[in-house]
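Take a look at these structures.
One chain, chain A, appears in both complexes that follow, with chain B as partner in the first and chain C in the second.
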Partner chain A sequence: MTEAILSSVTTVAEKRGNGFWSLAWQRFRDDRVGLVSLVIVAAFLVVVLLSATGLVAGNWNQEVAIHDAPPDLWGLLKPAAPAVVENAMHQEQVTPTAESIEEWKNIEAMLSATVVDPLADTLQALGADHETVAVVKEKRASLPFGGDRWGRDVLSKTIKGSQTSIIVGLSAALLATLLGTVLGALAGYYGGRIDDALNWFYNVFSAIPYLLLILAVAAVLQQRGVTTVILILGLTGWSGVFRLIRAEYIKHRGREYVQAAHAFGVPNRRILFFHILPNVFHVVLVNISILAVGFIKAEVILSYLGFGVKVDEVSWGSMLNDAQGELILGRWWELVAAGGAMALLVTAFSLLTDAMRDAMDPKIQKAS
Partner chain B sequence: MTAYIIRRLLQMIPTMLGVVLLLFVLFNWVGGDPAYILAGKMSNEAQIANIRHQLGVDQPAYVQIGIFLKQIVTADFGSSWSTNEPVSDILKTRLGPSLTVMAPLMVLGTLLAIALSLVVARLRRSLTDRTVMVACTVGMSVSILVYIIVFQYVFAYRLGWFPVQGWGDSLWTNLTTFAVLPILIGLCVGLAPDLRLYRSFVLDEIDQDYVRTARAKGLSEMRILWIHVLRNASIPIVTCVMSSLPALLVGSFLIERFFSIPGIGREVLLAVERSDFPVIKAIAVYVAFATMFANLAADLIYKAVDPRVELK
Partner chain C sequence: MRLRWDGLKGRAVRRLSMKAMLLSLAWLIFSLAASTEAAPLKVLRMAFQTAETGFDPPRVSDLYSNTVNEAIFERLLTYDYLARPARLIPMTATALPEITDGGKTYTFHLRPGIRFSPDPAFGGKPRELTAADYVYSFKRALDPKLRSPWAFMLEGKIIGLDALAEAAKKSGKYDYDAEVEGLKTPDRYTLQIRLREPDYNFSYIAAHTPFSAVAREVVEKYGDDTMAHPVGTGPYVLKQWTRGARIVLEKNSEYRGRVWDFAASEDGDEELVREMQGKRLPLIDRVEISIIEEEQSAWLAFNRKELDFGGVGSFREQVFDEKKELKPEWRAQGVKLSRAIAPEVTYTFFNFRDPVVGGFSKEKRALRRAIIMAYNRDEEIDVIRKGQAILATMPIPVGVVGHDSRYQPLNAYNPALANKLLDAYGFKKGKNGFRAMPDGTPLLLKFATGTTALERQFNELWKKAMDSIGVRIEFQPGKFADFIKASQACQLQMWGAAWTADYPDGDNFMQLLYGPNTNQSNHGCYESKAFDAFYEASRKLPDSPERNRLFLEMTRQMEVDGAWALGLSRESNTLIRPWVLGYKKHPILSATWVYLDIDTEKAPTKAEAP
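This part shows the complex of A and B:
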C-alpha cells in the first residue's frame, strides 16, 4: 500500500512540467473530438499558408476551363471528358464585334441571376459566327470541383477564399482580443475613474446591435478590402472580451501574489501584463477562438453584401454571391464548395474551442 | 423599485450621449465631408458651400452635435440623401414589414426552442441528445447565407410552394404568403443556438433539490418538467428573449434583402450602399436606445419572475 503511494508520488514528481499548460494539454489529449478538430483546423491553416505563399491556387483568377465546367472529383463523380478546344470568345478579343459580344455576355451574366435570358439563342448564333476568328485556347471540360461562370477553378477559388476568410477572421480576432484585453485589464485592475470611463465606453459600444454597428462603420469607411474588413470587425468586436477580462482582473487584483508583487515594488505595468495576464491567459485564448469563428461568419456576410473584400479578391462570401446566381441555372458546385468548406472549418473551430475550454478550465463541468 | 428604475434611467443618459457622440464622430468626422457625397461628381465650389450650409457642417462641432441632438429629440432627421423621402417616413413605413416577419418568428422560435430544449434535456446523455447537439453545432456552422439561398431555391424557385420574393399591402396576405418562407428560414437558423443555450439553462435546474423533492412526492415527470423546471429555467430564458427584442426593429438584414421585404434591415443595407448617412444614423440611434430600454426591462422582469434577485 505504502509502496504504491510512494511509487505514484515518484511518477508524478518525475513528470516534468506539471504546470497549468501541461495539465491542460494532458486533458486535451484525451479529448478525441478536440484532437480531430485540431487536425482539421491545422490542415486549413496549412492550406492558407500554402495559398498565401502562392504555392497553390495562385491561378484562381484564370479561366482554366470552359465556363460552368461541371465537377468530376477526379473522375469519381463522372468520367472526365477529354479536354476540348473551345473558342475563347469571351476572352480578350481581336474583332470589334466580339467586344460587343463580351458586353452582351456581361449583361447576360447579370440578368441570368434573376431572369431567363430571351436572347440566349441569338447570342449563341452570334458566338458561332465568331468561332472561326476568335482566339483559340485549350480549356478543360471539367474540373475536380467544377468551374464557375467564367471558367475559373472552383477548387482554387475555395482555397483562395479560405485564405481570405481565415486570415480576416484570425487577424480581426487578434485585434479585438488585444483591445479587449488591454482595456479590460486596465479597467479591472485600476478600478475607480478608469473603470467608470472604460465601462461607459463599453456600454456605448454594446448598445448598438453588432451587425448594425459593423454596417455603419462600413458605410462610413467607403473602402473595400481585407485590411478594411479586419479593422471594422476588430475595432467593433472587443466588448465581449473586455467584460470577461475585466471580471478576471477584478478577481485577481486582491489575490496574495498580486499583493506580494506590490510589496516588492513591482510597477503596475509589470503586474498587469507579466503577473496577472499569464493567469487569465486561458480566457484570452478561448476568446480569440470564439471571436475568430464569429468574425469568419461576419466576413462572409459582409463580402456577400459587397461591403467586404474587393472585386478582384475572393472570399467565401463573394463565392456565395457568385454561387447564388449559378444555382438558379442548376450549377450547384460553387455553393457546395464554399458553404461546405466554411461549415467544415467553423464546426471544427467551434468544437476545438469547446475542447480548449474544457481542457483549460477543469472546474467547469462538461455540459453534457 | 421606483427608485431603482429612476436610477437606471438616469444612468442611461451618459450612455445615450455616448452613442450620440460615437455616431457623430463616425458620420461627421470619419465619414468625411457629406457635401462631397451629396453633390456628386459634377459639382462646383458654390454648390458644395451651399450644401455645407444647408446641412450645417460649416458650423463648429458643438453646434453640429446640437443639431444632431435636436434631430433625435424631434425625430426629424431631414430627408434621405438619395431618395429625398423624409427619414421619419422611411422609419415609419419600414417598421411594419420588419415586425410582420420578426414578431411571429420570435414568438414561434422561442416556444419551439423551449419545448425542444426541455425534451432534449430530459433525454440527457442519450443518443438522441448527443445527435441533436452535434446537429446543432453543425447547423450553426453553415452560413445563414447558405440557408437562405438553398431554401429560396428549393422551396420557392423549384417547388413553387412560396413566392420567390415580394410584399403586398395587406397584412394578412403578407403573413400568409410572403412572410412564411422568411419565417421558416429564421426558425431554422435561430433554432440551433437557442436550443443549445436553453438546454444548458434547463440542465442547470434539472439536478436541483426541488426536482428530487417533486419526484419523491410522486409527481409525474411531465408535470415536473413543464411546471417546476420550466418555471425556473424561464428566468434566464426571459432575459435572453428580452435582450433580443431590439432585433425586432432591425429585422434580419439578409432575409429582408433576399426576399425584397421593405423593412428596416433592407433599408439599412440600401442606405449603406448609397452612403445615405441620415437614414443609418437615425436607425442606429433609435435601435441603440431601444436596446438600452430592453435591457432595463429584462432586469425588471428578471426581478419579477425571481424574487431572490436583488436589484442594486
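This part shows the complex of A and C:
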C-alpha cells in the first residue's frame, strides 16, 4: 500500500518536473515581475562582487572633482564642464605690509631667544623656513552623478555603498535566520521546559522597541564598522524567524514521517535538521529575503544616526546622513543617488520575495 | 496706529463751513492729543535658539537666560557698545574701580538714586540700590544651597568668603549677615573688595551678568521661585513668560535712563554713531522673544518678516554672492548685514600623559607637530564651516586683549614637511603604508568624537590628513559629558574642543594650558614648566606690553611642545531688517536691544505682519 502511493507520487512529480524545487522554479518562471526583480537583484549582486574585488569604485575615496561638483549625467543634464586646476593652499587673507614683516622679524628673534625649540635644528635641516609649497591638482568640474562635499564621485560612492549595504543586509539576515531557525526548531520540537525558556527569552526581546534595542546594542559595542553592524542586526532580528519556525516544527512533530523516524530510532538531532528542516526550508528562504530587505533599511537608519559604518567606509545610510545638510542648499544629487539605489534594490528584493513565496507555497500549488 | 491721516483731513477741511471747520479743528486737536498717547509702540521681535531656564542671575548658566538677565539686572561695570576689543565702562558705579594694593583691593563708588523696579516685596516703597546689595549678591553666588555654576569665578578670590561657604557646608546655614573681611561697605554707596591674591582681571567679574545686583527682600520673599521673579534696576522688566515658548520684556518705568554716547572704533561705526548719538535709552518699548529651536524655522520666520534678526548660519548661499557680499534681492529690501568674529577658539588637544602621543621627548614632539601640520584648516573653513570662520593663529582669538595679529604660527599646514619630520625621527612606514613608533610598536591614534553629521565631516577631514602622513587613526564615539569626565581624568588621547571668552582677556584662554589647571579646564593635561613660568609671570601684570609679550611667548611655547592643533574662530553673520537702528554685534554683551532704536515709519504694522 505504502509503496503504491509512493510510486504514484513519484510519477506525478516526474511528469511535472523533478519535485518541489523544480515545480517552484516552473511557477516562478511564469511570474514576470518576479523575473525582472531577480535580474535587478542579480545585477546588484554582480556590482557588489565587482566592487568587493576592487574592479569598480575602488577609488571612491579619491577627491577627483571640485567640492560639490554638480551632476551632468554624461552630458545629458548639461555639458560636462572642463577640468579645473585647484590649489589646495589658500592665499594669505591679508597681505602683510613691509612694516609688519619687519616687526614680526623682531618678535620672532625675541621668541627664539626666550622659547627653546628642541626640533629647531632638525626643521632647519629639512628646509622649513615657513615657506609653504603649493599643492596643485587637476580636478573635474562636474561628474556624471555629481560629487560630494569633498569632491568624491557620488556614483562610485553609491556603488561602494551598495557593497556595504548588501553585504550587511545578507550577512545579518543569514545570522538572524540561523539563530531563529535553530532556536525555533528546538522550541517547537522539544516543547516543554525548553519551549517555555526560549519563549520567555523571545518575549523579552520583542518587548523592547526594535530601534531602541539596536541603538542600545550599538552603544554597548562602541567599536564601529561593518562587522559590528552585522552583529547588531543579526543578534536583534531573529525573533520573527523564531516564531514562524517554532510553529512549523510544532505542526510537523506530530506528522507520520516524524513518528516513523522515531520508531526507527533516528536520533533527535537528525530528525530536527535532516527530516523536518527540508520540509520547512521554504519558510526559511522566504524569511532570509524578508529580513535582508529589513536589514538593508536598518543599516541605513543606523548609519544615518551615526552608529553605523566607520569614517573610511561608505554606505547608503552614511550618504543620506552626509546629504541631509546639503539639500537645503540645492545639492540634491547625493540624496537622490543613495535614496534611488536603495529604493530600487529594496523594491526589487521585496517583489522577489513575494514571487518566491508564491512559487514555494504548497497551498497555491493545490489551487492551480 | 501711525499718523497717516493728517493729509487727508487737511484736504477735507477746506471744503467745509467755518462752524464745521471749528468743530473739525477741535476734533483734530483732540485726536492729536489722543494720538500722542497712542504713539506707535516700538516692538522688537527676535528668536532664541534654545529655551531659557529662568531669570535668577547666579543660578543660570545658559546664554539665553543670561541675555534676558543682562537687560533686567545691572552690574557695577559693563562694556562699551562700540569699542573693540571690548572695553569696560561703569554701569551702576560712577567710574572704573580704584585698584590699589598691587591689584588686591578694588574700590567701587555707586551712583546714588538708582531704584529697583517696583515689586510687592518692597511693600509699596521705592527701593534704592546700595553697596550692600552687591555684597549680598556676591555672597549669594557662593551659597552652597544655590549651587551656582559661576561660583568658580569667585572661589579662592575674596578674603573670608570661602570660609563663610565652608562654615555653611558644616552648619547647613549660610550666614548672609556675617561680616566678610573682603567685602566691605565703608558707606552706603562705596564697595570695597579685597582679594587674597593680586588679580587684574577682577573688574571683568564685576561686569559679568551672574554677579548683578539682586534685592535681598525679593530673594527671601520668593524663595525657590526666584527664577520667575526677576526684580532689578535695569532698563527692562519681565512682562510675560510662557516657559520654553515666549518671553516679553517691557521698559522699566523706574529706570533712570542713559544717553547713547559711544565713539566709533571700527570702519562703518560712523553711520551708527550718527544714527544713535545722544538718544535717551532705552528706546524700544517692548521686546518679544520666541523660542524657535529649528534653524530652518527661524530662517523662514525672518523671511516672512516675523523676526527682526536672521542668523545666516547654514543659509550662506541664499544670502551671499561669490564676493561674500549681500545678494541684490536682500539689498533691495534694505536688509543690513552685521558680521563679527566670535571671541572663541577651537582646538584639538593631545593628552600629555598618553603613552602614544604624550610626553616631551623629541620624538613625541615631532609626532604631535607633524599631526598638527597635516590637518588642513582652510578646507575645514571652506567645506565644513561654509566659509564662515577665520583661522586661529594664537590661543587668544581676535578681539580679545592679548591677541597679536602679527603672530605667525610655527606649525602651519605643510603635509610635506610633516612627512619629512616623521621620517627624520624614525616613524618608519610599514608594508601597509602606515607608520610605526620609532621602537617598532604600532602607532594608532584614538580620536574622541560624537555621532552627528557635523562630527562625521570632521572625522573625514582628520582621516584624510592622517592618511596623508601615513598615521593610523580611529574614531571613538561617545557622549560629550563622558568625554569631559574622561579628559579631566587625563584619559582621552585626542579630542576637539572650543572655548568662548567669559571675559575679553587673554588670561581666560591661556589658563586652558596652565599645568595646575589639569583635571579642570586643562583637558590635555599639558604641564610644561616653561609655559607655567610665563603664565605665572603674566598673572602678576595688568594689561601692558610686557604681558602681551608673555602671551606671545606662551603661544610659541605651546607650539614648540605641540600641545594644541589650533582651529578657528567662527564668524557670526546676522541679517537685520531695515527698521532696526544701531545694531552691532558685541563680543560679550548679548542683550543689545538696550542700545537699539526702531524706525516706526519703516516697521511693518500689525496688519502687515501676520
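Methods note: the second predicted complex is superposed on the first by the 299 of 368 C-alpha atoms of A that agree within 3 Å, B and C clash if a C-alpha of one lies under 4 Å from a C-alpha of the other, contacts with A are read in each partner's own complex, and residues count from 1 in each chain.
As a working rule, contacts are C-beta pairs under 8 Å (C-beta built on N, C-alpha and C of every residue); 3 or more make two chains touch, one makes a residue touch a chain.
What you are looking at is a predicted structure, and each value in this text was computed from that prediction instead of being measured.
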(message) Just checking: does A:Trp316 make contact with chain B only, chain C only, both, or neither of them? Give me first, second, both or neither.
(response) first
(request) Name the contact category of A:Arg149: first (chain B only), second (chain C only), both, or neither. (result) second
(request) Please indicate which partner A:Lys160 is in contact with in the superposed arrangement: first for chain B, second for chain C, both, or neither. (result) neither
(request) Could you tell me if A:Leu305 is touching chain B, chain C, both of them or neither one (first, second, both, neither)? (result) both
(request) Applying the touch criterion given at the start, work out whether A:His252 contacts chain B, chain C, both or neither, answering first, second, both or neither. (result) neither
(request) Have a look at where A:Pro209 lands relative to chain B and chain C in the superposition and call it first, second, both or neither. (result) first
(message) I'd like to know which partner A:His67 touches here: chain B for first, chain C for second, both or neither.
(response) second
(message) Looking at A:Ile328 after the superposition, I want to know if it touches chain B, chain C, both of them or none. Which is it: first, second, both, neither?
(response) both
(request) Overlap the chain B and chain C contact sets on chain A and report the shared residues. (result) 222, 305-307, 324, 328
(message) Help me check something: in the complex, which residues belonging to chain C touch chain A?
(response) 296, 314-315, 317-318, 362, 365-366, 369, 376, 378-379, 382-383, 390-391, 404, 406-408, 410, 412-417, 420-421, 424-425, 450-457, 459-460, 463-464, 475-478, 530, 549, 552-553, 556-557, 560
(message) Could you list, by residue number, the parts of chain B that touch chain A in their complex?
(response) 14-15, 18-19, 21-23, 26-27, 30-32, 124-125, 129-130, 133, 137-138, 140-146, 149-150, 153, 157, 200, 203, 246-247, 250, 253-254, 257, 268-269, 271-273, 275, 277, 280, 283-284, 287-289, 291-292
(message) Using the touch definition from the top, list the residues of chain A that touch chain B in their complex.
(response) 200-201, 203-205, 207-209, 211-213, 215-222, 297, 300-301, 304-307, 316-317, 320, 323-324, 327-328, 335, 339, 342-347, 350-351, 367-368
(message) Under the definition above, what is the set of chain A residues touching chain C in their complex?
(response) 67, 88-90, 93, 96, 100, 103-104, 107-108, 110-111, 114-119, 122-123, 125-128, 130, 132-133, 135, 149-150, 222, 224, 305-307, 310-312, 318, 321-322, 324-325, 328-330
